[in-house]
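Below, subunit A partners subunit B and then partners subunit C, in two separate complexes.
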Partner chain A sequence: MHSLRKLATAVAAALALAPVSVLAQDAAPVKIGVVAFLSGAAASPFGVPARNAAELVIELMNAGKAPAPYDTKGFGGSKIETVIIDESGGTTTQVTEFRNLVQRHNVDLVIGYISSSSCVGIAPVAEELKMLTNFFDCGTPRIFEDASYKYVFRTSPTSTMDSVGAALYLKDAKPKMKSIAGINQNYAWGQDSWVDFEASMKQLMPKIEVKMSQMPKLFAGQYNAEISTLLGSKADAIHSSFWDGDLEALILQAAPRGLFKKSTGVLTTGETAMYKLAKQIPDGTILGARGPFGPYAPDNAYNRWLVKEFQERYLVPPTYPSYQMAQAIMGVKLAWEKAQAANGGKRPSKEQVAAALENSTFEGPGGTVKMAIGKGHQAIMETAYGMSKVVGGKMTVTKVKRYPAEMVNPPEGVKSADWIKGGFKK
Partner chain B sequence: MQEIVTVIVDGIIYSAWLFIAAVGLTLIYGVMKIVNLTHGSFYALGAYAGASFTGAWIAHGYPPMLSYAVLLASAIVITLVFAPLIERGILRFMYAKEEVVILLITYALFLILEDVIKLVWGVDPYFIAEPYGLLGSFDVGEMTYPTYNLILVGIAIVAGGGLTLLLRGTRIGKLLLTVIHDPEVSRAMGINVDRFYLVTFTFGSLLAAIGGAFTAPTVSVVPGLGVEIIVLSFAVVVIGGLGSLPGAALGALIVGLVRSATIHYVPALELFVIYFVMAMVLAFRPRGLFSLAEPRKI
Partner chain C sequence: MRLDTNRDRTLPILGAVLLAVIVFGPLLPKWALFLLTIAIAKGLVSLGLMLQLRAGLVSFGQALYYCIGGYTAGSLGRYFNISDMLLQMICGAFAAVFVALILGLLLARYRGIFYGLLSMALSMILYGLLAKSESLGSTDGINILPSTVFGIRPSQEWLRYVVIVTGCSVAVFATALVHRYLKTPLGRLAPAIKDNEIRVEYMGASVRQAIYVKYVIAAALSGIGGALAATAVGHIDPDMAYWTTSGEFIFITILAGTRSVAAPFLGAMIFEIIRTVAFDISPNTWQMTLGISLLLVIVFLPEGLWSLFGRRKAG
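After this line comes the complex of A and B, so read on.
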């Protein structure tokens, strides 16, 4: 009797442990490489808010405290772990760091990259290493227009959306405008932004005169001479896709010379500086947030959740890099869980997750994200622009206009430049 | 005519800023034969100290007009904290080594100081916009400039003129020229060369810190600020001739005016033009425009 009891106990213990061991195998943590600028000029306005959002969102997801359908713990029950990498050091360094993430840290996927140069360099390496990679912020449309990928995705829209949206807003806000000028950084992001904006303006207002285009080097910091030429051009509007410390330096140096009072400023990433430099940004400056983020975000459950949690943790509201990072994680989580369900509840392969993310549509704090172009690997979203206005000492945006995703993004299979030159045909 | 005047004014403002940043580099090389990469760190330290102290000064409601004195004091304080420490603690043990070894050591120090900056100030940007707009503006034809730019021009003139007077018109200057000419003979003649090295390194670093402190009101003070300036400073002193004060002044003026003209007339070439000028000068004058004949030791 005694030995029977022992046997029964042993069998019960074995039965109890069996599913646990299966679960333990399936619930092995999902390791995500998170890459963003943690040093250098881009750290403060972009990298750190994005890193903060990644840490916050992953922590809340691990605790099952995200709004539905993101309320399962981790990724399909597996705890999320992160390996956080600094994006600074140039493209060659980043390629090395990416290989380290894959081959030494054995991550399951990578979410990252703010600089377009990083994305251009990383995309072919990700494909070579068959590593599921989601670019959360970089803007150049060249990634999916010049090549197609199986493992590479971008859940944020391209700079084309920013430029076309800015042109549409400028035309709506200043229909009698006669001339434009631009100051953009001399690399992929700045060049693409200006080319798309200029071409869009010529389509929308064929008689527009382009007075000049300044292309100072990235992180130049001193813009007195450029400001003089822009003032001298007497353009009605000045477009800039400057970001990080460059944007802040431009605003600081332009303010006492009245540049954006004499010409309407169109700052496509202006949202990152609007609170910090409220005194220097004159009313009526057109501000973008690289999509429906920050002050342009829709009033949905995900936005309310992100703003509340972010504000409580970091004591500042999230800016667009935080939104983009949050929606990058959310999109991959949904795809992971969809692939896991299709795989009979077992941990999905990278290929299965990639297949689930391809052409998917999901809701995030910025609204609906459609993986609609780049063969289902590139997101499109609606966008919004507005004008700065200081109310009671605080910077706000007024006269906000929203543009549907299909109005500001090219259709599948059409390059941005061709789409704009062809008159934005759907 | 207006455009030419604007080109010249823009060029002079940029040259002044460049000269303040670069003159300390050439001074240290001239006296100590050190290609000092920590120069960029002192520029950044000056900017951070300037932004922090001046920001606190203004936030406490003290007279804003004295913020310029606070900027200067910030640069002095931060330099006195770090420069003697680096020179006495590390560099003095390295003087016997080859120039390239010392260059690598200063590069290592530059990287360490970058991290020190992040440890002390974090990665968030610092702004102190008030001093930039406080003095109002002045017009040159149709163009408006902040009067603050005249402060930069003034500092450049005082730094360049003061150093020239010090070297040529004072006993200390003559002793320093002796040290520059031959440190070994200077020692034999009873000159305290070590003290000259300490003072030169501190003063050269102070000039970089002043450059950073007075740039702070015009930029967002963020990590990495010292990287750009070190590249530009090298271009200036290489054009002028390493170790030459008039060379640094002429180098800064050439770079400033050429860059300004390019931005106004052919903006697409702005990136290229500074290094093109440097390459041209080096092609015809490999030791820079104001290089001095070196005595050969037998």
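After this line comes the complex of A and C, so read on.
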């Protein structure tokens, strides 16, 4: 009796498992390496929201629960598996771990990298190893301006767009303004952001007076001396690309001294702090979200889907790194499936997926993403800026203005810096 | 000291390691070749630290010369279109020595925490300068040309192998020289300086001179290491001079112990292996795994990993 039941169970199990294993053979999983900061200062504002978005979106895609045309299971029917890696430890460590992802874990593609130095370091290695790699967040325009790649993509816009968009909005919002000043962190991101913003302002308002540029060191934490000098400069607007801890410290220390009441604050990554510091950000502060993300995201099916699912699982709304990660996965999924269809339904090669992603256009939670520059490897998107306004104790944005992608991004083959200096020629 | 025993097998061991790399290199997976190359580069810097540690000095700024080596290699490619990795390593060493000859005059006067903090301050100055230099890519750094050897660019298939064999040859040669140096009277002074400086002076030797020489040799080794890391990674950034990078080298040196010139390389290899395994199994807490392994080594092997190999001194 006992052995009979055992036999029956075994047979049943074998029958149940058989179709699964046949299916599994048909569609070997697609292995994605996901790299984002999981430790250090950039983890909580960027890395963790991005990783959360990756886990959420991939899980929903595996279940076939994403809105069309992303509703096929996994990537073209193949289940998605992930290998998640921390981005900390410096470029040498990152290059080592990238090689490990490719040659030890045999991933099919890599989506990741928040720090621009990681991206600059990884790009040639990805090319050497012929590994399809999509940068989802890093900002420097140098990557596709200084070199061209076959296997490397970036489905998020560059930091140039943030600075140009901020300058356009400031001009529209305060046409009578006479002077600007800046406070930015003294490292590549802060330097580039200020250089682009200053050059754009000089193009848009040739008579503008640049009072000063403060460059405190990264993670300084204390800005009282800088706030004093900025107050003394009496500039009409103050630009800052500070993020996370530094941004919060600046807002908190500026609030009692009324810096952003006396001068209009232009906070290009202000979105990441707006809900937390609703009381300290004066109404009328210009807030950016590095593109049409978060409060500036269009009301489309993908955005509603991402916000609902993200809020449900993590109890907070998605911020721009989550949007960027989601659209990075969506863009690659679409290219993968296009390549698979062109390949007669068989699993596409990396070269075929790369060819499909090149110059492609797709819709995501932030609206239309066009892989239009960098020989079809660099995305452009529209951008939006608005002003803070507390309504009933809740932070919102008002006077939102949108700028089309071609207006805030250089055309193909033109370097960002030259494009700004040349007067934004299309 | 183990180094002073008559049956010294260090040189044959170094030769055997180089031979092993040449013979077994093609059989190893490529990611392992790269990991080992980085371990060799870091091992060279740690060897420099070990020289100082034997005299009781801890430099918290050895990354200064690692960075100088890296940026020298990078500049050769950027401004002179030179991508030969041998030339890069030689120039890296010379640039580091040049700076060390000047800074050493100052540092050789200090001991203990002052030595450590002054060396760290100097390396952070370089970090600050590089972070401000936009032509060198600021904190994003710059890419450097793919490595060549004697004007030949190896195919993609063999590139990693050629890089590790070249790097390993240079490292073995440099390490053998250091080993020779440690057998000279000046080299043997280190433990004596650590124990009692006044007595060393009383014997007629100049402590400051001995430390100066060690400092310069350490810089040369770090310069080579920096250039090797730069050409292998293909990218340099100011983080190479940041104090956490120096901390990593101290970590490796303590992990390895000071008993043999080969110890830092073993330490660097173990360090890289622990780190990459920790990255795999606990992406959120890999730093903790590293910390715990160092603690375990300090508690159970106070003289470092190398004490597992060497025989205990009689008596």
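To be clear about the criterion, the second predicted complex is superposed on the first by the 400 of 426 C-alpha atoms of A that agree within 3 Å, B and C clash if a C-alpha of one lies under 4 Å from a C-alpha of the other, contacts with A are read in each partner's own complex, and residues count from 1 in each chain.
Basically, a contact is a pair of C-beta atoms (placed from the backbone, for glycine too) under 8 Å apart; a residue touches a chain by one contact, two chains touch by 3 or more.
Remember, predicted model here, so these are calculated numbers, not experimental data.
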{"item": "Touching partner for A:N186 - first (subunit B), second (subunit C), both, neither", "value": "both"}
{"item": "Contacts of A:V125 with subunit B and subunit C, given as first, second, both or neither", "value": "second"}
{"item": "Contacts of A:G258 with subunit B and subunit C, given as first, second, both or neither", "value": "first"}
{"item": "First, second, both or neither for A:I329, with subunit B first and subunit C second", "value": "neither"}
{"item": "Which of subunit B and subunit C A:E97 touches, first, second, both or neither", "value": "second"}
{"item": "Which of subunit B and subunit C A:S39 touches, first, second, both or neither", "value": "both"}
{"item": "Touching partner for A:R142 - first (subunit B), second (subunit C), both, neither", "value": "second"}
{"item": "First, second, both or neither for A:L277, with subunit B first and subunit C second", "value": "first"}
{"item": "Residues of subunit A contacting subunit B in one complex and subunit C in the other", "value": "38-39, 88, 186, 217"}
{"item": "Contact footprint of subunit A on subunit C as seen in their complex", "value": "29-31, 34-35, 38, 128, 131-132, 134, 137-143, 146, 156, 159, 229, 233-235, 237, 239-240, 242, 244-245, 272, 275-276, 279-280, 283-284, 286-287"}
{"item": "Subunit A partner contacts - residues on subunit B that touch it in the complex", "value": "2-3, 6-7, 9-11, 13-14, 17, 114, 118, 123-125, 127, 129, 132-133, 137, 142-146, 148-149, 215, 217-220, 222-225, 227-228, 259-260, 263-264, 267-268, 270-271"}
{"item": "Footprint of subunit C on subunit A - complex, ascending", "value": "38-39, 84-86, 88-93, 95-97, 99-100, 102-104, 116-117, 120-121, 123-125, 128, 140, 142, 147, 186-189, 191-192, 217-218"}
{"item": "Complex contacts: residues of subunit A adjacent to subunit B", "value": "38-41, 43-45, 47-48, 88, 186, 212-217, 219-222, 224-226, 228-229, 231-232, 244-245, 248-249, 252-253, 255-258, 276-277, 279-280"}
